[in-house]
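Letters A, B, C and D mark the chains as written, and numbering starts fresh at 1 in each.
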Amino acid sequence: MRDFCYSLVIVTGNLWGLKSLQDLEEFRVSTRRWLEENCPQSMRQPITEQDICSGGRRFVFQSDDQKLWLDRMAERGWTAPAWPLEYGGGGLNHDQAKVLREEMASITARLPLQGMGISMIGPAILEFGSDALKKQHLPQIARGEIRWCQGYSEPGSGSDLAGLQTRAEDHGDHFIVNGQKVWTSNADQADWMFCLVRTDFEVSKHAGISLVLFDMESAGVTARPIRLISGASVFCETFLEDVRVEKSQVVGDVNNGWTIAKYLLTHEREMIGGIGTAAGTRTLGELATEAIGLSDGRLSDELLRTEVATWEVDSCCHQLTMERVRDEMTADGVGNTSAMIKYYGTEMNKRRFELLMALGGSDALHWKEGTDTQRWLRSKGNSIEGGTSEIQLNIISKRILGLG
Amino acid sequence: MRDFCYSLVIVTGNLWGLKSLQDLEEFRVSTRRWLEENCPQSMRQPITEQDICSGGRRFVFQSDDQKLWLDRMAERGWTAPAWPLEYGGGGLNHDQAKVLREEMASITARLPLQGMGISMIGPAILEFGSDALKKQHLPQIARGEIRWCQGYSEPGSGSDLAGLQTRAEDHGDHFIVNGQKVWTSNADQADWMFCLVRTDFEVSKHAGISLVLFDMESAGVTARPIRLISGASVFCETFLEDVRVEKSQVVGDVNNGWTIAKYLLTHEREMIGGIGTAAGTRTLGELATEAIGLSDGRLSDELLRTEVATWEVDSCCHQLTMERVRDEMTADGVGNTSAMIKYYGTEMNKRRFELLMALGGSDALHWKEGTDTQRWLRSKGNSIEGGTSEIQLNIISKRILGLG
Amino acid sequence: MQKLVLTEEEQMVRESAADFLFKKAGPGALREIRDTANPKGFSSEVWLEMVELGWPSILIGEAQGGLGFSHVAMGQIMELCGSTLACSPLFSTAVVGASVLSLGGDRLALLPKVAAGNLTLALAIDEAPRHNPQGIATRAVRRGDGYTLNGEKTFVVDGNVADYLVVSVRADEEPEDVLLFLVPRDAEGVAITKTEMVDSRNSATVQINDVTVESVQRISHSGAGLATLQKVLNIANVHLSAELLGIANECFGRTLRYLNERKQFGVEIGSFQGLQHRAAILWTEIELCKSIVLKALRALDESPEHAGLLASTAKAKTCQVAELASNEGIQMHGGIGMTDEFDIGFFIKRARVVQMLYGDRRYHLNRYAELRAY
Amino acid sequence: MQKLVLTEEEQMVRESAADFLFKKAGPGALREIRDTANPKGFSSEVWLEMVELGWPSILIGEAQGGLGFSHVAMGQIMELCGSTLACSPLFSTAVVGASVLSLGGDRLALLPKVAAGNLTLALAIDEAPRHNPQGIATRAVRRGDGYTLNGEKTFVVDGNVADYLVVSVRADEEPEDVLLFLVPRDAEGVAITKTEMVDSRNSATVQINDVTVESVQRISHSGAGLATLQKVLNIANVHLSAELLGIANECFGRTLRYLNERKQFGVEIGSFQGLQHRAAILWTEIELCKSIVLKALRALDESPEHAGLLASTAKAKTCQVAELASNEGIQMHGGIGMTDEFDIGFFIKRARVVQMLYGDRRYHLNRYAELRAY
């Protein structure tokens, strides 16, 4: 009984915890009220890929509501709820940000703004950037004025990202960059790129890398879209010929880019890992019921019934794991566990589309734009982009399990 | 049409093929008659582990019929049908041996003799041994007079077999052997051991190995049975202390043992790979029907039904592959493809027993000697003994696929 | 909604349980019980210490002399009983038995005895080798104020040592419902046969020949027996999932240590990518199990209306992963893993028993789909 | 019993087919057909050369102007059509069509035309997205000496180009049986819509509105339609299995070459054991497919009584392995495998169509179990 009863005493005494819970409850109530009053009805529909507001110079709003919603949220800093107020963020703590997410979800409010700026380079600048960089870029990102793309992979360096060959030559106050990037998402739509370049060829490959920022309208930048097995894509090849990059646009220190790259890869993994959950859409069980029907209350193909149930069980466990990992999150973020989220989430998504193909039968073999057939083929890339499944397994075995 | 019609001409002209087919048919008829007349009825029952005739000095025949059947078959050399007549074999060619197997199978005639002598060291002596060794050992093996065991693995060298440390010191006309072997099947029952020893410690690990033969009654040999998770086992630890081995008992050349070891491993792999087929017993589908019954003509657990059918499909494909590999066999034997047979066969056997456990429910969790429960646990060793599954996959990827 | 992390007090329960179980009730203790053919199937000393730690009282309300603490806390102990292979009547008495009595409602008076560790119970429901709680041939025939019971039960965990059996029967007068009776193990007409099990733990078959029971021995309110049984089985399966998680996790931990120790070809076998990737996949699967087990335990405490679906989700998933982890554990240990001398074999044996008890992966996948109406 | 190896003449057919197909009908040819939106869906030149090689006559008896050669020989060609992704009416006409006419027995007179490459056919049987040959809503109503047909067919391979459709229907007068009719594609009341398919090959939906057919257009003897259809589907599925084997094998071969070429971290990626083991497993699975495909082809030639079970075994297995091989192919090629510029994507697209045609892995596993009476 000893330790056990002792622990009960501690809990009862946790008055501070109760106080903070009350505050949180008040925040929840006021947030709910504000959302109710300010979120346009048309922004409370489940979001599809076409409805995403990615912002940027060239972005064309699909409706007045979409613009209104972005402006209202940006004004409160809730496009980037956890960023400091001074950089255009919402200044919310971890628990408040979770409440905001929950309340938005409860009215299926759409995210007002999505993209590489909010999810990737913004947090990186916040963590590693100079104050000047923060002041220059973060408010623009939070207001949706500048859209970003990521220049990481190169033809010769996919899984071996650190083997990159894009060369930045030191010219005093600026660099001159030459090289080729591939898999640059939306390079043809983006305003700025955050880009890994090699600033030192003499040292070990991880040590000579820097993360630089430049405007895509700079002279010498060319982006060319890539056609995928699933059809048109957001990916581009980007050619960099004598591109001038100011030294003030280096994030963190010169030759310290790999640290930031790893930090960003963690973010990316977590984001891609969430792909397997397909929130807001109908469950696979519902889709299966619609596609092949029930007989005696059971899906009429017993094998598919088993496969669908197995998938749903795994998916439930994966979603709960993302929730648990976030709940356990320390100040350093989720760290290497993002490799697990990424690995499993993308494998789940591939399995999901294989099942949808089986459910659809020959109808699912028709070739049309924007169908599940194309999404099925596209899903094959999930376990390649953002670090292959094999790389994730390497990360787990080496950094978490301490093998090899 | 060109090549195609040309090929038809060739076939029609294959008169030699027809002649040899006629001979084979005559052999089949005479074999069938002889078996009918000479195979005791009690030797035509499906064979279980306890019924196996392994021969040897200490072997106690379970019945007069068992002895009669061994003697009659041994007299014709049909305990080792493909060995030359002069060494006590049957002198049959590949096709005749297949006919004999088929005719024995058609009356479910038991093998008159099984063991390491017939399957392993016999063929190795035939291939690599001196004429003196052949004359000394092969007839004794074919008559079932001497039972053999295999001294390969050591505590420190499992998958890395060539890393063995058992030491044979040169004493002129003999070696003195010291070391420890594990996983020696039936070491406590066997009369002779064929044993890998290190005869040169100076050269690379594969180059200093020899294959030697010695009597288990030699001074300094001790065998101690190993208890497994599945209960009592045929495996022993064997301790070798200053064991004298005549140099005449080296198979092939001194320091050339690794070549013979690889040859023998191929044989062993093929043998173990056959384990997944469980010939002569009832099919898994029949066992499943008996265990859980049908409803509306389907196994009453839909998941098990799927798993059983999947297993049977894979098993059928695996059996056909063994058949195909044998049919394609060249003079060098099946070679590296035995790695595939071994890998897949043992995985099949493990899957089979997991399914039997599921079919048996809580009844299959009872702990009794000689039950499927013990065989289930024993099956876990199949993918470890005779080279782990991982080693088989290494062999396939390196030697067949040319990777790495 | 609670976060998916342990509270401070749950964490403390976990730590003190680990402390005790790894010291006193590890695989070595199980080996001794097996090799001495201990007829009780557990160490009385260990059980007494569990009682002293208050474990049998965790799930029992304060009004009945318990601590009224959480399933999450009890689940931590169950998980660690999986990791250590600890033998005791804890599961059958303090998880299943206490839940039957609490939920049944008519026999609350026994609960203080359970909480104090003075009374042990065993659930006698299955009659066929594969779990089917509604497949009941055992019959209750009304006789005066009571009933006469006849039938046979199998796979009764701790049936050979428990003071009372909880027996499921059907009566002609209420054919739709299931009746649960509390039957003393030594009642006249009850014949118990201990079964030798692969995991060396307690299980028994129970023959019930003209056993007379009074109405007061009935546990469940009229018409609520089946519902009670289903709730009890949800609770049981969530805690079995916790045990399977513990088994899988410990198998994996031991395997990981071995991969870092065992050398072949001059290097640790853990440096081979073929094994690394399998270890990483296994670790990921175990992480998934941790999440669903915690979620299902929380649901027992906070939202029992979701307990059915989550119990089947948890059992289906942990069965799959425990099977994988125990199989990979043996394979990666190689020959030494096959020897009785080494402990890893105890884990695969225990895993299969827990997997089968109250429904295996197949049973719960099917139930999951049924609850999802497809 | 024939050995499980190719005879000399079968080997020669295989070699000459490989020679021709790899040269003239590889993925590049398919890409051109797709990118030029070729409405025929195949190259007439390639088809003419196939005719000249005698391929349409292989399965047709000598009495009907064919070569009367073996399914094993034809299967080699089908496998290589899988490896090369060769587009042509060969499967629908020379495998399926020729078999329907030969087995049906009533329309043998058309066979010499098929053998000579002057007549193409397409099987129009499915009406729902998932294969179900007995699920027929298309109706035949007796009218004078003939019938009037009404209904709709889907997933009709080469339905947009074939001269004749083989249509399955049910008549009220013979509700138990299936009737097979030969309907000219340009018959009045037949409306064909070409479907854009993921594999860029020919498929169509067929609407049949008051189409008048004469009795002489009926293919099957009275009461034998269903049996004929089942035999044809067995043949079709064995040859589709051969095609799937070819797809899997070529996917694997290309992947293997890439593993030996592509460098990351300073070494060939094929030197990583994680990929090596997966490659070895995949190779093993493909070897298993080779065995069952050859066995099933031989059964069509020598022991048709086993063809049903072996056809479902072969299709179930090759579906599984082609799915695995095409998925692993893309994954191991990494980003480049996802680009349309690279050929590997054509294989996964074709694989899924062949998998689905006349029943996927699930359909045939279920059928296997049914044929085994469990």
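Just so it is clear, contacts are C-beta pairs under 8 Å (C-beta built on N, C-alpha and C of every residue); 3 or more make two chains touch, one makes a residue touch a chain.
This one's a predicted model, so the numbers in the text were calculated from it and none came from an experiment.
Engineer: Give the label of the chain whose average Cα location is farthest from that of chain B.
Structural biologist: Computed centres place A farthest from chain B.
Engineer: When contacts are scored as defined above, which chain pair ends up with more C-beta pairs, A-D or A-C?
Structural biologist: More C-beta contacts join the chains of A-C.
Engineer: Once you find the CA centre of chain A and the CA centre of chain D, what distance in Å lies between them?
Structural biologist: A distance of 43 Å separates the two centres.
Engineer: Any idea how many Å lie between the Cα centroids of chain B and chain D?
Structural biologist: 41
Engineer: On a C-alpha centroid basis, what's the spacing between chain C and chain D, in Å?
Structural biologist: A distance of 52 Å separates the two centres.
Engineer: Do you know which chain A residues sit against two or more other chains?
Structural biologist: Each of 302-303, 305-306, 390, 393 in chain A touches at least two other chains.
Engineer: At least two other chains touched by the same residue of chain D: list those residues.
Structural biologist: In chain D, residues 272-277, 365-366 touch at least two other chains, as defined above.
Engineer: Under the stated contact criterion, what part of chain D meets chain A in this complex?
Structural biologist: Where chain D meets chain A, its residues are 126, 128-131, 154-155, 195-200, 203, 264-266, 269, 272, 274-275, 323, 327, 330-331, 334-335, 337-341, 345, 348-349, 352-353, 356-357, 360, 362, 365-366.
Engineer: Which chain D residues qualify as touching chain C in the complex?
Structural biologist: Residue list for chain D touching chain C: 272-274, 276-277.
Engineer: With touch defined as at the start, can you tell me which chain B residues reach chain D in the complex?
Structural biologist: Going by the criterion above, the answer is residues 1-8, 10-11, 283, 285, 288-289, 294, 297-299, 305-306, 308-310, 312-314, 316-318, 320-321, 323-324, 327-328, 337, 340, 343-344, 390, 392-394, 396-398, 400-404.
Engineer: Enumerate the contact residues on chain C facing chain A in the complex.
Structural biologist: 3-5, 7-9, 12-13, 15-16, 52-54, 67, 69, 256, 259-260, 268, 270-273, 275-277, 279-281, 283-284, 287-292, 294-295, 313, 316-317, 365-366, 368-370, 372-374
Engineer: Which bits of chain B are touching chain A when the two form their complex?
Structural biologist: Residues of chain B touching chain A: 302-303, 305-306.
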